[in-house]
Structure formats: structure tokens, C-alpha cells
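Labels run A, B, C, D, E and F following the written order; every chain starts at residue 1.
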Amino acid sequence: MNTSQIIELGAALLILLGSIMSVISAFGIIRLPDVYTRSHAATKSSTLAVLLSLSGAFVYFWVHEGFISVRLLLGIVFVFLTAPVAGHLITRAAYRSKVKLTDNSSDDALKEVLFPEDK
Amino acid sequence: MVEKILLTALALFAFSIAIALYRIIKGPSMPDRTVALDMIGVNLISSIAVISIVLKTKAFLEAILILGILAFISTIAISKYVERGVIVEHKSDN
Amino acid sequence: MRINDVILRTVTKIVVFIILTFGVYLFLSGHNTPGGGFIGGLVLASAFVLLYLSSDIESVQKSLPLDFKMVAAFGVLLATSTGFGSLLLGVPFLSQTFAYFDLPIFGKTELTTVTIFEAGVALAVVGVVVTIILSISEDE
Amino acid sequence: METLIIILIGILTAVATYLILSRNIIRVILGTAVFSHAVHLLILTMGGLKKGSVPLLKEADAPYTDALPQALILTAIVISFAVTAFILVLAYRAYQDLGSDDLHALRGTNDE
Amino acid sequence: MNNIIVLPLILPIMVGVLLVFLRPYIRLQRIISLLTMIGVACISVYILNRIQTEGIMRLDFGGWKPPFGILFVADSFSALLVLTASVVTAICLIYAFSSIGERHERMFFYPFILFLVAGVNGSFLTGDLFNLFVCFEVMLLASYVLVTLGGEKAQLRESIKYVVINILSSWFFLVALAYLYGTVGTLNMAHISERVAEAGQGPLLTTVSILFLIVFSLKAGLLLFFWLPGSYSAPPTVIAALFGALLTKVGIYALFRTFTLIFYHEPSITHNLIGIMAGITLIVGCMGAVAYKDVRQIASYNVVIAVGFMLIGLAVGTQTSLEGSIYYIIHDMIAKAMLFLLVGTMIVLTGVTKFDQMSGLIRNYPLFSWMFFVVTCSLAGIPPLSGFVGKVLVGQGAIENGSYVLVALAFISSVVVLYSLLRIFLNSIFGETIISPEDELPLKKGLLIPIVLLGIGTISLGLEAEVLSSYVSDAANTLFNPSIYIDAVLSGNK
Amino acid sequence: MFSVNFAIIFPFIIAALVPFLYRRIKFVHIGWFVMLVPITLFILLARLIPSVASGKTFFHTYNWIPSLDINFTTYLDGLSMIFGLLITGVGSLVILYSIFYLSTKESLQHFYSYLLLFMGAMLGVVFSDNLMVLYVFWELTSVSSFLLIAFWNHRKASRQGAQKAMLITVSGGVAMLVGFIMLHTMTGTFSVREIVLSIRDFTDHTLFLPTMILVLLGAFTKSAQFPFHIWLPDAMEAPTPVSAYLHSATMVKAGIYLVARFTPVFGGDQVWFWSVSVIGMMTMFWGSFNAVRQPDLKALLAYSTISQLGLIMSLLGLGSIALNIGYSADSIIYTQATFAALFHLINHSTFKGALFMVVGIVDHELGTRDIRRLGGLFTLMPFTFTIAVIGGLSMAGLPPFNGFLSKEMFFAATVQISNADVFSLQTFGVIFPIVAWIASIFTFVYCLIFIIKTFLGPAQPEKLDKPIHEAPVGMLISPLILCAFVVGIFFFPDLLGKYILQPSMASVYPTFGDPKELTPSIYAWHGFNAELMMTIGVIVIGALLYNQLKKWKPVYGLFSQKYTFNMLYNSMLSSTEKGSTIVTKGYMTGFLRDYLVYIFVFFIVTVGGFLFYSGAFSIDISTDASIRVYEAILVGVMAVAAVAMLFAKSRITATLLNGVLGYSIAIFFVIFRAPDLALTQLVVESVTTALFLLCFYFLPEWKRETSSSKTKLTNAIVSIGVGVVVMLVAFSVLNYEKFETISRYFENAYELAGGANIVNAILGDFRGFDTMLEVVVLFIAGLGIFTMIKLRAKKEDADIEN
């Protein structure tokens, strides 16, 4: 087993880690009680998952074919840039469309600001 | 070895897609579904990256970026729809 | 009720730029790697869609005063007239040629008529997609 | 793989058929969309699956997978996009003027 | 170099796109679109005559030799149809000038008409099955737009049905193409024919051919015509006229082409099926034609009857009957356009749609009324008008072939056609006039002239059938002997 | 040289000119000019009588559609000469009469146009040798007759009569056309002369009998034979000159002409003999029987015409037997029936023409045709009365009028035929004289009614709107000329026999050697024989019956009005209409789902059915590519997503699921090595989803499907059926591996088209044309959406386009 093969294996393991992360966040998405908590699972851990696997792929191509893929790098940057915004927008939309919080939540500070009439 | 790991990873990605699908079907609220769809998109990105390795081709790297772009646009569109019903406004309020 | 879109708009500015660049890249590289007029056009169109999504029609029109119907029409005209050119040259309709020219400044350059054709396709796609979205959105 | 995909095509077709037989116009439109998914897969499958490498020359070695169906599907995708867009707008225009999205109510009057 | 045969398609498209830029200049749009159609008609005459001397013409796009590229093939059959379609469109355009109104004209009416014709002509000329699909779509999209153009309630309502059914038929087309590609692995029609002949048209290929039959029947209105009556009676007159003249003909053309060129090996299955379908079409068409009092419905069901009639020629499949069908198609394009224009004009003049609410039009509009009589006789196949020759030849072919049931149905149907139109004539045209002189709407010359032109067309086509005969017999010969077509496409590289 | 073709075309040309002339010539009745046409033609034809009589025929041809063997060929022989003379001769007289009958307030230009059109068409029928051209003119006579009947089209009865006449005669014409086409199929020619020469070789042909029946259908409908006679009484709505011309003298005789013309073709066959003679006899009886009860003079004449046409028809049938027996000294006797037919044809035209004109005069001068309001006219209308008596008695078959001669010959022929020993005539032949005799009695009765009730008895001026007065001289000239013929022919029958009838006998019996043998000398007196006794019997019993008319007239009441042929015709039309409406509206529900179900069911039945019926179905999974776990999961995801769409509660969910399907397909495109497709699919899917969302703003949230569970079940079954059929065919296609695809060629894309991306090279170059059109499609859709949104119906527009 030479260096490049080891690195390839490492890349593969990176990807596997990503996929495991993804499954975890998937579980989060079904197990967590309301949309606000679920969006944590979806946006945070699955962003991590995709970053891991894209990096793995990037490393693999780099090592295996000596190919530095600008597109992959760009993709990583892009996901990194957009995922938080997307998460933000969804949860905001959820809140504004009055999706209920889970019963366990103790405090809703925003409510008074946004929907004073609902009091 | 590498290939086996990659295939396992792929299966796991597919598995999370399936779970996200459950959330889309189940709901209960629109944002739930949006979150799940976003997640499917993200998983697809990863899957494509892995498939590219498996198939030993660089042909699909464009797809990764495009999918990233589109998942973003779709999410914005849907959340705007959920929030306001209109996704393209004539004139913004501010 | 005012909704603050500052975060979205800020990100969009960067993202649209990336998308546009990428779209042009796809369009140009289509002959040898995945891409081409259609996909390039579609990606460019999605950049415009993103602009409209994050902002509003009026402000986009202000900074980009284009009648997209005409863009589409021009694209179709461009695509069809590459075929028409071959009519004048007496070769079969839609004959595409590619040749390498030694241009004084650029050196050896590949010029293909397909590129013009694809440019027409891309313009048409952008024009049509944006026209559709604008038409619907402008409806009261 | 082919068998699996063909079964999938069968399911998609059945679903699309059921949707297109609905009374609600949005369901009908979604039905046409699913129809086009099914047929794109079908064209690809009929050309043979996984029988070669990506049809990019120099990228990989011959034999390449059948590129012609891919080109056909590309055309078909764009056309079905155009048609879907059109019928969507048609549907909402009809709703605006006729006040219903129920095709049973939109039978038209064969009054005599 | 046969670049000329792409002109019937590319000229309308390019002019149509140009007209988009000329949107505010309505007068200019009119002139240009009319000139274009006249130009296309002249070109097709030239093509037709060149085919007679040089044989089938073909144009390989991009210079790619068949079966690899797309190509246009012009034989007498397609050239005749292109010619008729262009002439009819030109005449309908004249009608549109004074009927369609500026609002429509400003909304790209002329470009859409030109795109429609481009699609129709392309379908007639193409030699590639997938390209046929694309040409169909060009035509269909244009027709979708035209059906809805104006946004009347009935238009919106009927166009939904029209669009969905046509989407379905396009889907079937793609499925059929997928199957065909999966079996013979090629798209060029001549090449498909060659391969089918080589492998023998086994059960599977016959199954695929039945699928094609369904696809084109949906387009042609053969048996599966449910979209037709509604969508032909909703849009403005001139659009209905163009639909009546052109749309079903494309499907009929495709049926003729595929079942004479490609799937001609199992006539006992496919052609018999066509025969049964044509027979039922005739029966239900006849029933529809007498069931309604709405003049446009009657006209629409007349379209259905004519479809059945033409397909009998194919079902019988002898050279004579094919020849008859070709005559009949040409006749029908002209006569149906005329019928729809007349019927539409009647509705505009009287403000009602049912024939028993109109009366005595002949006193107010004599020439118009006589034109209605001419078209009645013409469609009923009364000699020496244009429907006659086709009718005789189809009958002759069917008798030679022993298809007596079809003969009976075909000829009885022409009596029903006569009856259905005679009812309109006797009730609406004849009788006491119920329009008082002050209410009488003037009949614009611009509306009358195209009708009269078509009337002259149908009369002279009957009297001067000999002029067409050499072209038609050449067309039928090509259809009957597919090898002529195949040789022209696959051998010899021009 | 005078060409017959010209004679045919000439009236057409003038017909086209009449409207223009009419505008110019205001000061004089246009009829005077029109009359010149038939007179000219009559003279031209008459000049040819001697040469035709000597056995000469004239033959001209003018190419029309030579490639289809349809040429404008005319053939002038004895038979067509008779008709030609009748058409032009009676035509001249009728036009003369019409000049006085029709006032200049009527739209004369139309009237004379139609009349000339008819004349030309009729000449065309009798002179054409080519069957197709004959048919052309045949239908033109129907058309012009239609126009003439509907001349007063503001009357409902006129329009209905016209429609009935047109429908029945055109239907018959269509049947005849099929017969002609069959003849062509058998013999390979459209020329009657050639068919006559060659038909002997085809009498055993399977088409021979159908052809005959179809041709007879044409003849019978045109000649108003039982049971197609119903159109003729209704056709009497036409102006009287028209009735006199078309519906007694000429057009209705076109059927007679056709039968005579085709006697050499089909005559000799048993079916021909029986159908022509029996139908003729029935018509004769039924016509005369019904004529008696008509209160309207014109209707009486109409039924009388039907009866007389039946007489002539049956004679032609009887005469055809000679062709079966063949040319021999014995068979000559049977040809006499045909001779009588042709003779009576001429006679009928003369006296019936005169009688119609009499009715026209009465109608025109007194304003009614109802015999219940008429009577005692003879003192004030002496000339009219004279004409009526001459015509009426001739029709009744009394001497010294021509009707007597032909009636006697008719009796002779029926008696003769009952002695023939073919076609089992010994048994059934006796019917003919009996029916003939009974029918003649009724004929006698209605003739008496016509004369006596109208002109004799007490006058009833109180029932009339106008005072009784004699017609102007102009109206009397034509009937008087005809009466002169009626009497003249009685005294000099042989002149007619030799010059006119003899050559036409040669046309009917071309194989019978010298036509002179077939031409008997006609005598008014031939001893006390069977036919004379029959005539005497007719007179005696007829007079008796007339006397007792009141007593037996209730017999007619026995025939229920419900079961007349007219009612049958009407109920047939209305029930067809009703049935069609029910059926058509039954399946044309306007509900999209129904139409789609029809289409899908048709698809399942034909494609699926044939797949199994032919055994084309096959399945083989051994050549499949391998399946990875993730692929299987993804397939499952798609299947679940698809099925979930059916149960989605909200439209957004369904749309998102559709998006999932789209994205998953993109991943399959990746797996199946289609990068361009994957890219396009991804973008298109996103844009489509965005479009859905855009449009949802304007559409309501969907409701639960409210269809009945039966509908849902049908939908489900149909859906599964479609899915299964698509699947099964796909399996079979996958196993069909006989050909290499053509795409190997595209692998040289780089050398050929300068591109390394094969798909792109195909799209941009090899199949660039598709791409071009696809852009056009996209463009049309975009522009269409724009117009659909911007161009709306004006609110105030009346929605007449519905």
C-alpha cells in the first residue's frame, strides 16, 4: 500500500464519515419534535456531511488523477455560503407562517415582536 | 476496499434520502417538507460526488455545483412561497 | 408587514455572480465537456430567477432594462440564421464548420459556427424562461 | 437493473395515469409531469443501461454508452418543460375566467 | 444541393420571429406574412415539379449522410400537401386581415400562424421519426396558443382538454419512439423500414406499430377524436378554419407514411385495424354530424367523417385507393377551410350559433350563400367538384380489394354529410330572412374574397383534376412502392 | 359539324350568363331569350333524325381526366335521341309556358339559370357514354331539381320537399356510383358501349349481381319507383312549369333511360327481369291507387306520374326477357314490350305535360288546385277544358289519343309474358296482366276525377278568390301544341315508329340483328283480342267505380297514417337524429377524464391485447446490468414518492414530491452516465417547481377528489393497466436484439464535428435541426404564455363564440 492509496483510503473514509453524518441528521429529521429543531439537524449536520464528502471527493481526484477540481472547490464554497441562508429563510418562513413550536419549548421571545395581536 | 467503502457510503446517503422522503410525505408543516427537500438536495450532491469517484469520471462535477445552486434557489422559492404566497414581487416594500 | 431580506440579498449578490460565471463556462465548454447552449442558458436563466426571487421585478428591471421576449426572439433568429447562412453558401442547411485560424493577436484559435448556434440557443432559453416567469409574476 | 427500472417506469406510468384521470387540474398537470419522467427513463432504458462509459471522448475509453437516446431525452425534456409551463398558465387563466379548477365542472355546455 | 426543400419550414419560422420585432406595425405584418405564404406556395410548386423530373429530393442537414443525421425528404405526396397547406394558409390569412382584430394581431397572431404552418410543413417533409415528433410539437405548441388566443371562456375551457389530450399523445409518441429505438436502433424512416423488412415485422414490431397507430390516430382524429369537436368550435373562425384544414391532415399524413413505408408487412393486422377504426369513425362521425344544431359542431364532425373516409384509402391499401385518398386529402384541406370560414362568418353575421335560429341569409348575402351551397356539394362528393375524384378512386380501390363494408360506409357517409349540411343550408340560408335591413351587418369584402377563392379552388380542382393527376399518381406510386423512397434516401449521396 | 358535347355545354354557358343578361334586359321577359336555347338544340338534334334513323351513331370525345379513364365522351344513338328530343322539345314548350306563368317580380334570373342548368345536365345524362360523366350529370340533375323545388324557399314545404328529393335521389345516385365503379372493376372501362360489348364475359362475376342492384337503386330512386316514390308528390312544391318539365317529362325519366340503357348489360338476368318488372308493376298499382284519393290536382298528377313511370318501368322489365331467350324468331315478340315502353314514354310526356300545364293554368288563374273548391269550369275555360279532356282521356287510354295505342300494347305485352316459359313465368306470369288491368282501372278513375270534378258539375265561385276566367293565350299555346302531338301520334304512329323508335330499339337490343324486325306497325284497330277486351273492361268497371266513389273511398281509411312510407321516411330521419344525439352526447361528455379513459382503454386493449395474442411478450433478466444497494434504495424512493403523490393532501406536497422524482431521475441519469441529461434535468426540474409555485398563487388549494368510488376504481384499474402494458412491452423490447444502433457512428464526433462531448455534438451538429426546432418550441411557449396572460377577452363582448 503506497501513500497515494492510503490517502485515497482516507478520502474514502472521509466520505463514509460524511455519509454517517448524513444518516444521523436524517434521524434527527424524523426524531426531533418540531420544525425548528429539525432544521438544526438538516442544515447543520447535513452541511457538515456534504462538506466532508465533497472534500473526500476532492482529495480523491487530486491524489488519484492529479486533478484539482475547481468545480468541486467552488461547490464546497457555494454550499458553505448558501446553506445557512437557506436554513435561515426556512425557519423564518416557518415562524411567520405560524408553525407551532413543540410543546416542550419554554419560551418564545419573538412572538411579542412579530405577532403582538396574537396575545 | 475503497470501492466497498464508497458503496456503503452511497447506500447510507440513499438511506437518508429515503428518510427525508418520509418527512416530506409526513409533513406536517410546509417548512418541514422544505427542510427535508433541502436535505435531499444536499444528499444528492454528496451522492453525485461519490458516484463520480466510483465511475472514475469528472463529467458530473458540474452537476454538483448546479445542484448546490438549485437547491439554494428552490429553498428560497419555497420558503418565500410559504412565507408570502408570492415568490416574485413586483415592488419590494422597502 | 415588512420583511427584511438583507441577508438574502447580500448572499445573492455573490451567488448570482458565481452562477453567471458558471453559466457562461458551461455554455462555452459544452462542446467538449457536459454543457452547451441549453444548459448554459438554463443556468443563466436560473441566475435571473434568483435575482427576481431575492429582489423584486421593478428594481431588477431598473438595473437590467431588457425585453426578454426580444432576447428570446433574437436568440431564435441567431440559431436559425446560422442555418440560413449555409443556404447562401450553397452547402446543406445547418452545415457547421469548425476550423483553426491563425489570428494575428490570438494565435491559433478554434472557431466553430456551432458556437454561434449555441449562443442563439442559450439566448433563446434565457429569454423564454425569464419571459415566462415575468409574465406570470406581473399578472395581477 | 433494467428490470428494476422498467418496473419503476411501470409504477410511474400508473401513477401518472391515475393523476391525469383526476378532476382537479393541478393533479392532471402533475400527471403529465410524471408521465414525462417515466418516458425519459424509458427512452434511456431502451437504449441500454450501463453498457459503456460516459459519452465524453478522451474522458474514458470506448465503448461509450449510447449517446443518441441522451440527446433525444434532452430535446424531450425541454419540450415537456415548455408544455408544462404552458398548461400551468392555461390552468390558472382558466381558473381566473371560469372560476373552477374542477374539470368536471369545466365540461362545457352541450346545450341543445 | 436541395436546400430549397427546407424553405417551407424555415421561411415561416424566420419570418415569424422577425414579425415579433415588428410588433407595432400591423400592416407590415400582414403584408409580410401573406407574401411569405405565397412565397412558400410558389416554392412548393417548384419543388413538386422538380420531383417529377428528378425524382425524390432529399436534404441532409449539416451534410450528415442518412441514417445518421436528420434529413428532409420531399416526394410528390409531401410536396402536394405542403403546397395545399401553404395555399390554404395564405387564403385564410386574407380572411384574418379583416376578421381577427387588432388586439390579436398585436399579440403575435401572425407569428403563431406562421409557426403553425412551419410545424405542419416540417411534419410533411421530414424523413426522421424523432424529428417528426419535434415538428409535431412546433405545430402543437402553436396550435395550443392559437386555441387560447383571445382568452374567451369557451376557448380556455376547451383548450385544457385539447392540450392535455395532445400531451398524452405526445407522450405515447415518445413511448413508441423509445420502443422503436430499442428494437431497430435507428430513427431515419427509410432506415427503419429497411431494418424492419430485414428482420421481418414480427409480433413485437407489430405491437409497436399499433402504438404508432394510436399516436397518429390521436392526432388525425381517427376514432380517438374526442378533443376535436370542442377545440375546433372554440377559437376564432380563421383559426378554426386552419385547424380544420391542417391539423388532422398531419396525423393522416403520418399514418400514411408510417404504414406504407415502415409497417406494411402485416396488413392483415394493422391495416385491418385501421379499417375497423375508420369504419367506426365514419359511423360515429355521421352520428355527431346530425346530432347537433350548432353549426360549428356540425362542421367539426364533418372533419371526423372525412378522416374516416381518407383512412379507408389507407386501410384498403391498393394503389388506386391511396391515390384516391391523396386526392381527397387535398380536396378536404380546401373544402374544410372553406366550410369553417363560412360557418364562422354565419355566426358573426347572425350572432347565433344554431342553424334553426338563422334564416334567409340568401336574401342578404347571395354570393356567400351560394358558396355555402358549393361547399355542401363539394363535401358530399357531388361532381364535378373536388371531392368527387377522390371518392371514386377510394371506392374503386376498396371494391377491387373486396372491402365492401368500408365501401358501403364510405358512400353512406357522403349522404349523411350532404344531409347534415343541407339542414344548415335549408334552414339558415334559405327561408324567410329574419334580419331586418337596419340590423343587417355588411359582409366585408375581405371576408368574402377568401371564401370565394376557396370556392374557386374546389370547383377548379374538380374540373381540372387532370392537372393534378400525374402528381397524385406519382405520389401514390411512391407510397405503394416503399423501395422508391428507401432508395432515394439511403443510396446515392447527392 | 355539330358536336353533341356542345349541345350539353351550351345550356350551362347560357345558364351562367342569364344573371348578367337579366341585369341588362329589363324591358322584356328574360324567358324569351332563354327559350332560344332549347329551340336551337331541338332543331340541331332534329336534323340528325334521318341519319340516326338509318342506323348511324355519333360519337365525340373530349378529354377530361384521361389518366383515370374519365372523359367527356358523348354518344348519340336512337335511345338518347328520343330523350334528347323530349328534353329540348318539352323544354322549349315549358319555357314558353313559364314566360306567362311567372311574373317578372319573381327572381327569374335564378329560375332560368336553374332550368338551363337542369337542361344541360339532363342532356349530359342521356348523351354521355362515360359512366363517370353520366354520374356527374346525374347528380347535377338532382342538384338543379333541388334548387327548382326550393325556388320559393321562403315556404317551409318547398324546402322540405327539396330536401327529401335531394336526399333520396342523391342516395340512389351514390348507390349507382358504386355500381358504376364495380362495373369498371369488372370490365376495366367506364364506356357504356364497351361494357355492352364485353359484359357477356362477366355475368358470373361475383360483383355482377350487386352491381345490377346498385344501378337499379339509382334508377328507381330517380324514377320515383316504389318505395322511393315519396319524394315526387312533395316535389310538387316547385312552380308548375318545373313540375311539368322535371317531374313528369324528363328528370324522372332519367331512371327509365338508365334501365333502358343498361338492358343490354343486365337484361337477360332473372333478377333484373323480376325486380324491374315487379317493382314497376307495384309502382304502377300503388301510384294509380293513391292518385284517386288526392284532393289536390297536382298531387293527383304526381301520383299518376308515379303510376305511369311504373308502367314504363315494368314494360322495360318485361322486354328484357328477350335477351335471356336470345335472338330468334320467337323472342321478337317479347321485344315488343320494350317498344311499347319507349312509345309510351313519348306519349306520357306529351299528355302529362299538357295536363300539368292545365293544372298550372287553373292554379294560376283561380288561385287553387283543390278539387273540392273547383267544378264547372268548362263553360268559362273552354280551351283549358279541351286540353284537359284530350290529355286526360289519353292518359286513361281511350282513342283517338296516343295513350290508347301504348296502353293496348302494354296489355298485349303483359298477356304475352304470361305465356313465356322461362323464369317460371308459367306459374307467376299471370300476375302481370291482372295487376296491369287493376292499375289501369284506377288510372281510368282518376282521369275521370281529374276531368269531371274540375271542369264539369256545378261551379263554386264562392269558394274561389278570383273570378273564373280563361287563361291568356300565351299559356295555352304550349299545352295545345302538346295536344296536337297527342292526337297526331294516334293517327300517324308509324312515323314515330320508324324514325324515332326503331333506332332506339337497336340500342336496347344491339345483338338482335335488323331493328326493322323489332319495329311493328302500330294499328289502332287490331281485332277483338285480349287487350281490347281488357280495355273495355277497364272502361266499364272504371266508370262503375267512379260512380260509386263515395261508397268505397273509406277503403283508404284502412291504411293507417302511421305506416305510410312518408311517415317511415320522417321517423327514420328523426329517430336517426334522436338516436345520434343520445349516443353522441352520451360519450362526448365534455369531461376530460372520460376522453382519457377511452384513449387509455383503447391503448390497453389494442397494444396489450395484441402483445399477448401474438405472443410477442418475452422477458429475460439475465442480460441485466447489476444492481447496487443504493440504486435499489433510490428506485424505492422514487416509487414511494410517486405513489405518495396520489395521496398528497396538499398541492405543495405533491409538487415537492414531483420535485423529488425529478431530482431522483437526475441521479439516475448520473448513474447511467448521462451528464448533460443530469444537468438539464436538475435545472428544468427546479424551474418547473418554481413555475408551479408561481402559478399556485392564482389557483385554489386542491380539494379532495369527490368522484364516486366506482369512478376511482375504474381509474385505478385503467392506471394499472396502462402501467402494466407499458412495462410488458418494454420488457419485450429489451429482449429484441437484432440490430446495432446507429450511434456508434457518433463516436467519431471529434473528427466529424470537432467536439468531444458526443451528446453535445449530436445536439449541435448531427441533429442540430432538432435543437433548432426545439428552441422554436420553447420560444412559442414563452410567447404564448405572454399572450395568454396579456390578451384577455373583453368583458363586454357577447360570448357568441361559444
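Please note the rule applied: a contact is a pair of C-beta atoms (placed from the backbone, for glycine too) under 8 Å apart; a residue touches a chain by one contact, two chains touch by 3 or more.
Keep in mind the model is a prediction, meaning the values are calculated, not measured.
Listed by label, the chains touching chain B and chain E alike are C, D, F.
With centres computed from Cα atoms alone, the innermost chain of the structure is E.
Chain B and chain C, compared by their mean Cα positions, are separated by 25 Å.
Distance between chain centres (mean CA atoms), chain D to chain F: 50 Å. In whole angstrom, the spacing between the mean C-alpha positions of chain A and chain D is 31. Inter-chain centre distance (chain A to chain F, centres taken as mean C-alpha positions): 80 Å.
Touching of two or more other chains is recorded for residues 13, 17, 20, 61-62, 130, 134, 137, 141, 144-145, 148, 151, 153-154, 160, 164, 168, 175, 178-179, 181-182, 187, 230, 292 of chain E.
Chain contacts: chain D has residues 20, 25, 28, 42, 45-47, 53-54, 56, 59, 68, 74-75, 78-79, 82-83, 85-86, 89-91, 93, 97, 103, 106, 108, 110, 112 touching two or more partner chains.
Looking at chain C, one finds that residues 3, 8, 15, 18, 22, 26, 32-35, 38, 43, 46, 49, 69, 73, 76, 80, 83, 93-94, 96, 128, 132-133, 135-138 touch two or more other chains. Pairwise chain contacts present here: A-B, A-C, B-C, B-D, B-F, C-D, C-E, C-F, D-E, D-F, E-F [touch as defined].
Within the complex formed with chain F, the chain D residues making contact are 1-15, 17-28, 30, 33-34, 37-38, 40-42, 44-47, 49-59, 62-68, 70-71, 73-75, 77-79, 81-86, 88-93, 95-97, 101-104, 106-110, 112. Against chain B, in their complex, chain A makes its touches with residues 8-9, 12-13, 15-16, 18-20, 22-23, 25-27, 29-30, 35, 38-39, 42-43, 46-47, 49-50, 53-54, 56-57, 60-61, 65, 67, 69, 71-72, 74-75, 78-79, 82-83, 85-87, 89-94, 96-97, 99-100. The touching residues of chain B, when paired with chain A in their complex, are 1-2, 5-6, 8-10, 12-13, 15-16, 19-20, 22-23, 29-32, 34-36, 38-39, 42-43, 45-46, 49-50, 52-53, 58, 61-62, 64-65, 68-69, 71-72, 75-76, 78-80, 82-83. If you check the complex, the residues on chain B that touch chain D are 55-59. Contact residues of chain C toward chain E in the complex are 69-70, 73, 76-77, 80-81, 83-84, 86-87, 90-96.
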